[in-house]
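The first chain written gets the first letter, and so on, giving A, B, C, D, E and F; residue counts start at 1 in each chain.
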Amino acid sequence: MLKIILAVVGRDLKLAMRRQADIVSALFFFVIVVSLFPLGIGPEADLLRKLAPGVLWVAALLATMLSLPRLFADDHRDGTLEQLALAPHPLGLVVTGKVIAHWLVSGLPLALIAPVLGIQFDLSNDALLVLTGAILLGTPALSSIGAIGAALTLGLRGGGVLLSLLVLPLYIPVLIFGAGAVDATVSGLGGEGHLSLLAAMTLASLGFAPWASAAALKIALE
Amino acid sequence: MIYWNSFADFIHMGGYGLYVWGSFGVNVLIMAIEPIVVTRNQKATKARLKRQIRAESRSTE
Amino acid sequence: MLEADNLECVRGERRLFAGLGFKLEAGELLYLQGRNGAGKTSLLRMIIGLLPPEAGEIRWKGQSIRSSGEEFRADLCYLGHLNAIKEELTPLENLLASAHLADEMLSEDDALDALEQVGLAGREDLACKYLSQGQKRRVALARLVKERRPLWVLDEPFVALDVAAVDWLTSIISGHLQRGGLAVMTTHQLVGIAAGTVRELKLS
Amino acid sequence: MTDRFNLYKYAAPATFYPLAGKLIPWFAAASVIFGLAGLYLGMLVAPTDFQQGEGYRIIFIHVPASWMSMFIYLVMAFWAAIGLAFNTRLSGMMAQALAPTGALMAFLSLWTGALWGKPMWGAWWVWDARLTSELILLFLYIGYMALTAAIDDPRRADKAGGLLLLVGVVNVPIIYFSVKWWNTLHQGSTVNLTKSSMATTMLYGMLLMALCFWMYSIAVAFMRVRTIMLERERHTDWVKAELEGDAR
Amino acid sequence: MLKIILAVVGRDLKLAMRRQADIVSALFFFVIVVSLFPLGIGPEADLLRKLAPGVLWVAALLATMLSLPRLFADDHRDGTLEQLALAPHPLGLVVTGKVIAHWLVSGLPLALIAPVLGIQFDLSNDALLVLTGAILLGTPALSSIGAIGAALTLGLRGGGVLLSLLVLPLYIPVLIFGAGAVDATVSGLGGEGHLSLLAAMTLASLGFAPWASAAALKIALE
Amino acid sequence: MLEADNLECVRGERRLFAGLGFKLEAGELLYLQGRNGAGKTSLLRMIIGLLPPEAGEIRWKGQSIRSSGEEFRADLCYLGHLNAIKEELTPLENLLASAHLADEMLSEDDALDALEQVGLAGREDLACKYLSQGQKRRVALARLVKERRPLWVLDEPFVALDVAAVDWLTSIISGHLQRGGLAVMTTHQLVGIAAGTVRELKLS
């Protein structure tokens, strides 16, 4: 079981390395969107500090979402997905592997760059720490919930926009608790409660979403 | 039994006329239009299907 | 070994076929024919279990493939009209990765050997995107060289191949049938498979 | 075995189509009667609310619309579960027929709520838990409709849409509670809906209106499902017979 | 000349009508993204009012951008683009038509719904008016600049993310003046200056971008 | 009318052909042959001006096609291996739209007539996504019925067609040649064009 997951993760990471553009682009999208806000809103430090958690999280949501359409699309187009569905082990395991690889490529880099962006918004050290932790804990849930949307919209015209329509409402709890954790830290309430809720959501979605995605993939392959 | 003293009072709704009638108006509008649209769709679908069936029977003849 | 009863296929609102059945034993080849859009690909996808039939049942070794699931898939090798190779990987990496993901053992030597047989010697380390259409197809077909699973399902395997490669592929399929394997195949080209019984099924 | 057979037969479009056709007038009539009675009680008889003045009368459509918007989503999820479990054709059609009505109900809830909020709170909109989750519910409806519209093969559309509905129905409570918590953590809730002891006429008026909305939804959904059935089964004999019978 | 443009606009609008999903989905993406921000930032009306112009504009940018990949992709995939390039009139005219159709489907609806969203952020009537005007004036520039990016990334893997990298920096001036117009109105300075700058940018990009896109398309077709 | 001198084609770092030239007069058909990946499609795209050749020149009526641009394109009809039809539109709408966009006159009656000729009578008002592969191809080919531009460039036009449709298409091409048209074509299938001179060009 673990062997299959690792095989999938290994292959997907190798492909991502070959392409390179993939890894940097989600990251740069994140950076650009976050940097757009001060441009649209103005440079007041107080205001920006209040916005920071929300803006960073919304940008993280959008950056994750933007790389979702390709989660299964490439494998679908070149026929690999059929072969994966025909392999003698459950498709859910394969999806788990792909979700993990997606997170490593798109979620993890966000968590690593987030503190740097947080500094631009004048966040305190504590807040930066919680921000990193929250993004680290929350993005796996984004990847795995997103996988359901990616599987449902696989091969559809206008898939990208449709995907965002399906997935963004489901992302809201992660957004609320993720931004809430940082907010609570900034206002001195402590963000542990939020963080543990985030962790619970991530675990639940990692356990549940791959199987829902696998069911959706089988529908798409019919 | 009836609570209102006059029709004007009823329309005025104690100053909330705009809001109350705005709500009811849109509600009535939606509940009137939705069935009409659905019936129209059904008629159009029926007509189209009939045309198709006739075309098919013609082409197989 | 492979049996189908009373199959019905509906795509969209169109009934492609109904009441279709066949029986295939070890060493036999089922050759599907029919004009474009007759439902050949659809039937193949029913056989491999990706498309649930509207009615009817498919059995492998007496068991419905819906219930036996993973066991059936462990006996199955499918080659669709897509190559299922990654453009960014080399032929060698592709071959190893696909064996890996199908939970099979394939040593690097065996893989290199298979690639040589399909005429890709010297290109093992070139990314597949630089290969020509026919060479890509050959990478996909290289899987068949070491394939020992009993049921092969091949959808238009001869597409994009030149004459030499067509000959090579027919001999590979013949060998599989001689070893007691089963195969289901569609193609619009005329090819002669030397060994085994060939059953024809015409969809109309 | 016979049980299942009966279920399938009942759910077969060929039997359900005429049945729905016969039921529609009854539901429509019930809706009109309940509606008239409810409006009579609510708009003409019921006294004013001592806190909210006459503005409270929006409640007679706001609450039924809100209830129906949530209830219809549940019903759709129910049909989706049936469809995925038993592979019945009717369930997908029912879910698709209900969706636009559900979305309209959610819209009505938002619209009437906004029109109520302006005089009561001085703002058309506040980011309160209930309001926000109703908005998200509307998005879920639209997402479902967009997904099923984007898939050409109706059977695939049913399955994919059904899966989305089930995922959504799991998420709706999660969303509701997270929004609620988010909102109340920041500040004391801006909104405190007065749970004043309602006059019985008000209560009956509201319940009658809710029944009216319910019957209306069923009637419209049946009308829509009949169209969907014709469209999807156009190659079957019963549709041909039906259409020819119509022509006479 | 006008005949060709109108023919393209007519065809694209007809296609959009047939698909329906296309029209609503850019719009709903806009609505959802805008609604995400209060969820990330918190419900305080004062704060939200300050953010409104920035948030609405960033969301408009993203919504326009998300529908860009399909501007030429469908025509490319089914071979229509080749035929258009081979027609005996300049490709730039065809692109102009496609840009106009794209704006009618994705930009105009944003302008129409923006006031409603502005109400959710508690904006004044004046500000709502200027907001609508700014979006109406600015989105054509977004569509036409975006067409260049869509043409440049046509047929590339990971085109979506790459496209956003190319296009977002070019959108920044529109963002600044668009949000600035509303900001200026809110703070009582009057947004006319910003609006006329927006109009100038739109005119310039409508004149120039189709030809640049046409050149990029020819490269993509090689 | 159509001449090519000393053409060279380089895709990626691979030189596909060099020093290639030909000359085609009114009423002649150029039949391109070669194994997969030999460069047939690349050559066709050079001829229609979408792919600039590495070296060499292509002339139409004595003028280089690079300089004559729009005039050349007004004489050209290209049919690639993609159908260039919209799935959402009906065959009729597709035909009218493509004529419209190519700046041609086509009345609705003519379009209906063309569709009937390709065997799509009764389906004019069904969205193309419900058509079968072969029927889609026929919609694309329906353009040729009323086509009077002198130079036709056809990339594998016979793909996905059944026997009756292949016959119909060969007769259409023959008619074009008899009227003094030119055609350049590739195909892997064996078909006989009755009229006109057939020149063969083999890429290797």
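Brief remarks on what is shown
Following the convention adopted for this analysis, a contact is a pair of C-beta atoms (placed from the backbone, for glycine too) under 8 Å apart; a residue touches a chain by one contact, two chains touch by 3 or more.
This one's a predicted model, so the numbers in the text were calculated from it and none came from an experiment.
Annotation of chain C and chain D: jointly contacted by A, touch as defined at the top.
Counting C-beta pairs in contact, the chain pair with the largest number is A-E.
One inter-chain figure worth recording: chain A and chain D are separated by 32 Å, centre to centre, where each centre is the mean of the chain's CA atoms. With centres set at the average Cα position, the gap from chain A to chain C is 37 Å. Look at where the CA atoms of chain A average out and do the same for chain B: the two points lie 43 Å apart. Shared contact sites, meaning residues of chain D that touch two or more other chains, fall at 139, 142, 146, 150, 152-153, 155, 179, 182, 186, 234.
Under the contact definition stated at the top, the residues of chain E that touch 2 or more other chains are 19, 21, 25, 28, 32, 39, 42, 74. Annotation, chain-chain contacts: A-C, A-D, A-E, B-D, B-F, C-D, C-F, D-E, E-F (touch as defined at the top).
Chain D makes touch with chain E in their complex at residues 123-128, 132, 135, 139, 142, 146, 149-150, 179, 182-183, 186-187, 190. Every residue of chain B that touches chain D in the complex is listed here, in rising order: 1-4, 10, 13-16, 19-20, 22-24, 26-27, 30-31, 34-35, 38-39, 41-42, 45-46, 49-50, 52-53. Partner chain B is touched in their complex by these residues of chain D: 43-48, 53-55, 57-58, 61-62, 65, 100-101, 104, 107-108, 111-112, 115-116, 118-119, 216, 219-220, 223-224, 226-227, 230-231, 234, 239-240, 243, 246-247. Against chain F, in their complex, chain E makes its touches with residues 4, 7-8, 11, 14-15, 18-19, 74, 77-80, 82-90, 94, 218, 221-222. On chain F, the positions that touch chain B within their shared complex are 121-122, 125-126.
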